[in-house]
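In order of appearance the chains are A, B, C and D, and numbering begins at 1 in each one.
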Amino acid sequence: MATVDLNADMGESYGPWKMGNDDTLLDIVTSANIACGFHAGDPNIMLSTMKMAAEKDVGIGAHPGFHDIEGFGRNRLSIPIGTLQNQVRYQVGAALGMARAAGTMVRHIKLHGAMSNMASEDAEMAYALYDAALSVAPEATIMVLAATAHQEAAEKLGCKWVGEIFADRAYNDDATLVDRRLPGAVIHDAAIAGPRIADMVEAGAIITQSGKHIPTKIDTICLHADTPEAIEIAKSTRQALRDRGIRLEKFSV
Amino acid sequence: MATVDLNADMGESYGPWKMGNDDTLLDIVTSANIACGFHAGDPNIMLSTMKMAAEKDVGIGAHPGFHDIEGFGRNRLSIPIGTLQNQVRYQVGAALGMARAAGTMVRHIKLHGAMSNMASEDAEMAYALYDAALSVAPEATIMVLAATAHQEAAEKLGCKWVGEIFADRAYNDDATLVDRRLPGAVIHDAAIAGPRIADMVEAGAIITQSGKHIPTKIDTICLHADTPEAIEIAKSTRQALRDRGIRLEKFSV
Amino acid sequence: MATVDLNADMGESYGPWKMGNDDTLLDIVTSANIACGFHAGDPNIMLSTMKMAAEKDVGIGAHPGFHDIEGFGRNRLSIPIGTLQNQVRYQVGAALGMARAAGTMVRHIKLHGAMSNMASEDAEMAYALYDAALSVAPEATIMVLAATAHQEAAEKLGCKWVGEIFADRAYNDDATLVDRRLPGAVIHDAAIAGPRIADMVEAGAIITQSGKHIPTKIDTICLHADTPEAIEIAKSTRQALRDRGIRLEKFSV
Amino acid sequence: MATVDLNADMGESYGPWKMGNDDTLLDIVTSANIACGFHAGDPNIMLSTMKMAAEKDVGIGAHPGFHDIEGFGRNRLSIPIGTLQNQVRYQVGAALGMARAAGTMVRHIKLHGAMSNMASEDAEMAYALYDAALSVAPEATIMVLAATAHQEAAEKLGCKWVGEIFADRAYNDDATLVDRRLPGAVIHDAAIAGPRIADMVEAGAIITQSGKHIPTKIDTICLHADTPEAIEIAKSTRQALRDRGIRLEKFSV
């Protein structure tokens, strides 16, 4: 029986400011990527989010990003790679500590935002950052954007990794995401999103906008929850997968 | 044969700005308190300082402080205790991670600056912060200001702890430090500092300005290195202790 | 004909995080206190909020606070007064610059959060901070908590000032606010809030919980908008004042 | 009689960390570029540096940079241009405020570090940033890297501007700086630096490494002071210019 993991970014509130619907999402996903305080999150939010996730038996991941709170880690920054590695180490260390304090543990690591985007186009950068993360958490699994430089780097490292696709984004024929500014790039229709993802999981392939199949390891589906629409897509994806008899559970490697 | 540890704060540079003489100090001390990025230090500096310390077989401690870079952690801040606990957890977790990446480990935890001062007057606060630190690093030893509320909290927690006195500060009869603004509060004369500390270690007591002996566990001596004078005092202390046949080595608990 | 100003804190979003209902509030108030980036707000938010306020002919104020984003300026910090003065100067200067870029100007200055609370109990601190603010914006009016140390400081400075009372907070007989933890401290009932304030404006006095009248200069009423209830109270206050024939307009000094 | 201005970056200390030799430099230069708190400097340092500069009759400039303290504004960041404009406005406003509090004024604006480098290659970016700066300080003069996109932008804006060359950097034949990694890129010899700059000022042209003359407006020479060598070069440049009968004074436009 096929199984797949559902993941989402969480713990993205900051100080007095709220973001997201972590409560709702934690009833939908099986893995949570927790912001580590550099692009969002703070020590209070990290701990409370990890506790909530652990209570709902949702797997916990560290979600390091650029040190850019005002830009939410979405700006591309040219930081020396050695400095970036240490910033990743620091964030992963902090996440491990908070998880221990919460009585749980960090199972996986996923890069955030512009750091992830840049690394998905640059296997050397991905390798350096994953290597840094694993120097702090050698037992963790890396969550890679399937069929990108992320995957190439993880394979070269020989580390444990899982492949991820997006529930709400269309793919080009080279497995990259369709530019957000183009029509159809973002799936807004929950009735389409769910079956589309179920098709991909069953096929073991990314199905591109043109219908092309790119065989790849699909272990986890990335969901969002920042809009009411996103939550509908998340729920639809969950339902469509179950309807096809695909079991939803934390990834295992 | 009596033994004692010598400790100093380190890794207090920040970004492009240098502070201290860590190179020199690492040849004098047996334990190093490494800033964790909240009042000083950054991920690059944490890693390189820990590596240097490990190479010289100097014990490594996490040195968490208030989140106040511009104030160097020296301003008294009234932050809710739960938030402070999480900030301590975060910093200790980061330190553990960086130490692992550096191929070493965190042996002890010492509070910094105003956070330490406030906790030395408030056993409840000290208890909460130590408890938080140990929730992340249960195997670590707490370094307490001997005979203060720090010690009371550590004893109540039943954790491993070592008692610390200052090489260059005069004591009042209640074991508090003489106010910096009063004459004689800070020892500037290396010829006096070394023998004074050796006397205290031999006596197993804080010897106050008035000559009173306050028996207490003295496991480690705090040295400074921010001025040429401070380095002289550090060297004098080291020499005076050796001359009396006191062995200098990392504390053991 | 009596007139009074209605003010509210605004521009308290930060980076990607939203806070408040500035759009709605700008149709209710006559003066807006704009966060200056130290406890909330960022350069984008400052500019856009000032532009919106100017378009609606709402008076603009600089609202400096402690440098404590994660604590929203609500923690009491013991910072050397000279440093605080410079932090106030910096924030007021930034606000003046943003206002000029927005084609408008800063009319008033109001301290935020814990900085305001501490200064309301300490006339020396209030004097130092107002003096600093006026060294950058000598033409601005200081908005003081009526009948507190704020007012004492403004009178001693001989600067332009206006007195402020709260629409939703009960007063003790010494003109301080009833502790939030006590029953009745916060007015939740819009039907009560409006007439209560109109009574005070007509009486030219703070009317305390016990019914005592403390004559004071009431130039402006502080409104909130962080909850649906707060917006109801803001609207009720506005309506009650107009019903009594009190004109609502930007304060003049 | 020819005149030229000498400028240097200043006020680059931060909180407890010292950087540079502002005291010494203020006896050499005629204009000072004051960091505005985003890449270095803090409100205390801004005010004290401006006061020192004013006392020595040195002209004051605002020196805005990327919001990147740990990277000292030297990392290239891809921030939306509208956000960058507002960050520049904020910094310039803060500088104007601090200058007013110091009893002086901001005469010029010069971009810092990577922000300056990026703008020197991108006239649109330079235009947007200068336009933003002038929206806050319309009376200020822009200091441009002579013969780069900076100058193109300033000319298009029709604003007051002065052209700057470096005392210690070699030039390529297209007026760009020789890459730091190449031999001869940085002038280390004070005996060479001074006469070289005097030649350029007399020629009214950048003289490149190959000897080519690129005629350009040279109003100000950028000096450094971060090393003993740099101070020697600064002094040598000053002396060589005076020896040739070139008067050193604050630029006028």
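By definition in this document, contacts are C-beta pairs under 8 Å (C-beta built on N, C-alpha and C of every residue); 3 or more make two chains touch, one makes a residue touch a chain.
Treat the numbers as computed from the prediction; the structure is a model and nothing was measured.
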At the interface of chain B with chain D, does the proportion of residue numbers present on both copies reach over half, so same, or stay under half, so different?
same
Chain pair with more C-beta contacts, A-C versus B-C:
A-C
Whole-Å distance, C-alpha centre of chain C to that of chain D, is 40
Between chain C and chain A, distance of the C-alpha-averaged centres to the nearest whole Å
42
Mark out which residues of chain C touch at least two other chains, giving numbers and ranges.
42, 70-71, 83
What's the contact topology between the chains, one of line, ring, star, complete, other?
complete
Please name which positions on chain C make contact with chain B in the complex.
67, 70-71, 75-80, 83
Help me check something: in the complex, which residues belonging to chain D touch chain B?
13-19, 40, 42, 69-72
Contact set on chain A toward chain B in their complex
37, 42-44, 46-47, 82-83, 86-87, 89-98, 100-101, 132, 135-137
